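These notes are about the structure you will find just below.
Naming follows writing order (A, B and C), and every chain is counted from residue 1.
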Amino acid sequence: MTGSSKLSILAAALMLSTFGSTSLARAAPNEQFFPLATYRVGAYASSGIPVWAGMIDYLRYINEVEGGVNGVKFVWQECESEWTAEKGIECYERFKKGLDGAPVAIYHPNGAPAAYALSDKAAADRIPLITLGYGRTEATDGSVFPHNFPVMLTFYSEASVFINYVAQQEGGFDKLKGKKIATVYHDSAYGRETQGPLDLLAKKYGFENIQIPVADPGNEQSAQWRQVRQAKPDWVFLRTWGVSTPVAIKTAARFGFPANRIVGDIWASSNEDVLPAGDAGKGYLALTPYPGGAEFEIHKRIKQHILDKGKSDLKDPKSFGSVYYNSGLINAAIAVEAIRAGQKKFGNRPLTGDEGRWGLENLNVDDARLKQIGFHGLMQPLKLSCNDHEGGGAAKVQQWDGAKWNLVTDWVHADRKTLRPLIDAKSAAYAKEKGITPRDCSKES
Amino acid sequence: MNQLVHRLPKPFDNAPLEIVPHRVPWGLSGLAVFAFFAVPWLGSDYWLNAILIPFLVLSLAGLGLNLLTGYAGQTSVGAAGFMAVGAFATYGLLLRVPGLPLPVALIGGGLIAAAVGWVFGIPSARIKGFYLMVTTLAAQFFLEWVFTKFPWFYNNASSGTISAPRLELLGVDLSSPVGRYLLTLVTVALLTWVAVNLVRSQIGRNWMAIRDMDTAAAVIGIRVERDKRRAFAVSSFYLGIAGALWAFAYLGTASAGSFDINRSFQILFIIIIGGMGSIAGNFIGAAFISLLPIVLSYAGQALLGGSVDAGQIQNLQKMIFGTLIIWFLVKEPDGLVRLIASLREKLAVWPLRF
Amino acid sequence: MIFFLETLIGGLLAGTMYSLVAIGFVLIFKASGVFNFAQGAMLLFSALTFVSLQEHGIPFLQSLLLTVVVIVIGAVAIERAVLRPLMNRSQITLFMATLGLSFILEGLAQGLMGAEVRALDLGIEDTPLMLGEVMVSQFDLVAASTAAVLVTVLALLFNKTHIGISLRAVADDTRAALSIGINLNRIWQIVWAVAGCAGLVAGLLWGARQGVQFSLSLVVLKALPVLIIGGFTSIGGAIVGGLIVGAAENLAEVYVGPSIGGGITPWFAYFLALVFLHVRPAGLFGERAIERV
């Protein structure tokens, strides 16, 4: 305990009492606030840090190279959420009114607990939430969840993509009959989310659906993989998260299960997941809506204008083009494109939450647009509507070669039609529990 | 016989009618008036949602744990598990018993938590100290598992979360920040009043005897095992209600993960920093624990924002937090409440120590 | 039958990994009565230090030595700044202080050496080994023998050296040890350093398995039931406890788990510990406290 830290606390206490927003970054009226609820400490920091770098680098690129979105520049501020609900709420409450007059158009909760906790609050404050690759699957139904956007790939679509990939490899859906497909999952809401769709698909295609839970945090998994070994499945769908992924890959190797028969899911698909597994990870497959790689057009632009000029937020340049860095790029790009879409209707000025939501619901990023913004190949075409808050529903499968990810497929699309009834049933149940009257999507423009 | 009575000193004539002299607690009443009437007017959404509501709920949770650990001397690190029971039970009651008023559901949730607490208190008959503490960890992990494993508890929601049912009391909607704040405040104030009286009653004094030395307490005729179990039950009742408020008045949605081991440690911190065996200590401790990270975060933004890497600021904050905890433990083992009391004593004679 | 045997052996071997973590606890609790929750953070800190040194191109042995030096410095600092001012305080206060200490260590470790995940290769083959028809993990065998070596070294230290004997004296009766002129502070420093080294060994083995990252500090939660079963004050107990927990956990997950939904490992060990405690309230090898009124 030193005198200086005591002083700083005193100073902070004074600031809290005088209050207002105590930021040093002065925002001009013509700026759009981009709140960043980050997690840089704690158990998940290693996956978070590259994401924030991707987001910040892209925003910086938009500001400095493209002069903002139609002249509206971004201003951002961070708040540590520690991947928890209560800190996430604190950050949200701190940010929701904007920053010195710069409004919030779109909010990224960044973390499942915060996403769930903010769902109701954001609806009350009319601020849209983007949850790429997490959050409520049933929020795909925008008529019940106007402010939640689980864009690109929900867990249901992910399960379907996995089965479709396996069918591709086996040579057709008819070959799935009698196959054994095991899911080794993190025993949490996230892990159990695919049980419903896999059940449905197992009935449809006639494969055997084996579910094996791994308890959090999952740093000892010999019991689970012994069960896998005994069941002798043809494929394993690995739906772990954090430390449980490298441990799973290593333990699989210990029990002699081949890595190229394991397909990791969106949260088991990053460099951070396979690096600690060392050689055991060679051949490991993973599906992801934001594949790794630094050869995409946007990487060239960012490298030239941001990275090489030393303006990048990345501490470790090796992470440039890593899966999580690219996820940050895509997360930021969706928000930027949604704001652009909103500006077409509301004029070239900073947007409010309501206008940001309109922009998201009318977002249409097609292949031509993807080429313009340099995301072709990295990001799938995305078209959202009131009825469909997911939009994409595709992922690429990548394979780890011991040093980097190599793409082994193009976009594998989910069979969203088959799964939609499950989603509608869930969202209807939610609407009933909460007493929400779904809006009529045919009347939305 | 008569003579004998006369030789005794007159016992009752000049004894005070009240053992504790009754004074009107002006300061406390002022605080209550301020909290009930001024804060809802003055407080912004940020203050209510992000600071005051969690502070009040954590104080209540601290109070619950303090009854068990500070008064009855049974260390527990499973506090969050019992909070989860309260939250999920209240949710279940509101969901499955239509038309149940909110206060009844809260009390029901508390009672169910109390029953669970009573069961997990059974080992305290034989197990003591750190061994007991680790068995409360069993409760923590087991309860967490139960509330993720069995979808019945969260109405089969795919997200595994329970979300606040409509918060209504006598037709008044309480879901606004002010409404949730007042709900929390009233609950906390009532339960604190009950706790103050409880610890001065027979059972509270039994608990303190057990805390100070349970073997000795047994020797003087206190039914140690029964009273320990009761301490677990009462403490869990408080924690259960705190859990329900945490889930519905504060977070809005909760899952088993909202009540993990870190929450248990947080509550333990509150009572140790605030003061074990003190009612006011819970509030001071909760204020310290919930405000310090926010203050540090603002300080970090303001003093170092931009110039230093954001991750380093977070790590620095963590270290300062740890250092402060150790520093307080070294400086004042009886908690902040004692620190404030001795400060007051010093101020009373300041500047002339005479 | 073979599957049962395999599960049992695998479980026993996995259990030694828990024992490795538990030994650090026992050492500190025996000598200073501190229930050291920061053991997990110490594991993380020492493993991170080692990996960072290796990343700077320092060879294995030198890195190891340097890490040990860091641990010794850390132990002295902890004794000075935390233990000495808190001498004679209640056990719960000391426990809380170690929680604070774990915050400092975690912040320091990640601040100095970064939060990213590091791979750690100890050069141990992690391929399955067939003994007859039973499959055994080579890595687990190495871990088990490491635990055996560690226990032997500790036993020699405690029984044969001057320091070890005074250490046992402190553990037996602190006041008597003080009165015959044993330097308590020095003993504590040594014990914390030794526990730190035990933590380093555990951290390296666990780190090789799951990558050196923040989650290493969560391994402590696995070690607590081991302590309960074995008793807080017995190193042999930590080994036996680890074996019991490892075997029971694996058997339960495989045979009981499926019928109640699986994923029972986090609490099963604790329940087992509860059952043991009902029979022996101070663990299998713990010392029974005698109370005087």
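The working rule: a contact is a pair of C-beta atoms (placed from the backbone, for glycine too) under 8 Å apart; a residue touches a chain by one contact, two chains touch by 3 or more.
Bear in mind the structure is a predicted one, so any value in this text is a computation, not a measurement.
J.: List every chain that touches both chain A and chain B.
T.: C
J.: If we define chain centres by averaging CA atoms, which chain lands farthest from chain C? Would you check?
T.: Chain A.
J.: Between chain A and chain C, what distance separates the C-alpha centroids? Give it in angstrom.
T.: Roughly 36 Å separates the two chain centres.
J.: Which whole number of Å gives the spacing of the CA centres of chain B and chain C?
T.: Averaging C-alpha atoms per chain gives centres 32 Å apart.
J.: Going through chain C residue by residue, note those that touch at least 2 other chains and give them in order.
T.: 106-107, 110, 115, 261, 263-264, 266
J.: Quick check on chain A: which residues sit in contact with 2+ other chains?
T.: 40-41, 45, 49, 187, 215, 315 - these are the residues of chain A that touch more than one other chain.
J.: At which residue positions does chain B touch at least two other chains?
T.: 145, 149, 311, 315, 317-318, 323-324
J.: Contact residues on chain C for chain A in the complex?
T.: 3, 6-7, 10-11, 14, 17, 106-107, 110, 114-121, 126-128, 135, 137, 139, 206, 209-215, 218-219, 222, 249-250, 253-254, 257, 261-266
J.: Over in the complex, which chain A residues touch chain C? Could you list them?
T.: By the definition above, chain A touches chain C via 40-43, 45-46, 49, 187, 212-217, 219-220, 222-224, 226-227, 230, 242-243, 246-247, 250, 253-256, 272, 275-278, 280, 315-316, 319.
J.: Of all residues in chain C, which touch chain B in the complex?
T.: Residues in contact with chain B: 35, 81-82, 85-86, 89-93, 95-97, 99-108, 110-111, 115, 221, 224-225, 227-228, 232, 260-261, 263-264, 266-267, 270-271, 273-274, 277-278, 281-283, 286, 289, 291, 293.
J.: How about chain B: which of its residues touch chain A in the complex?
T.: 45-46, 49-51, 54, 95, 145, 148-149, 155, 157-161, 163-166, 250-255, 257-258, 292-299, 301-303, 305-306, 309-311, 314-315, 317-318, 320, 323-324, 327
J.: Hey, which residues of chain B end up touching chain C in the complex?
T.: Interface residues on the chain B side: 69, 75, 123, 126-131, 133-135, 137-138, 141-142, 144-145, 149-150, 213, 215-216, 219, 261, 265, 268-269, 272, 311-312, 315-319, 321-326, 329-330, 333.
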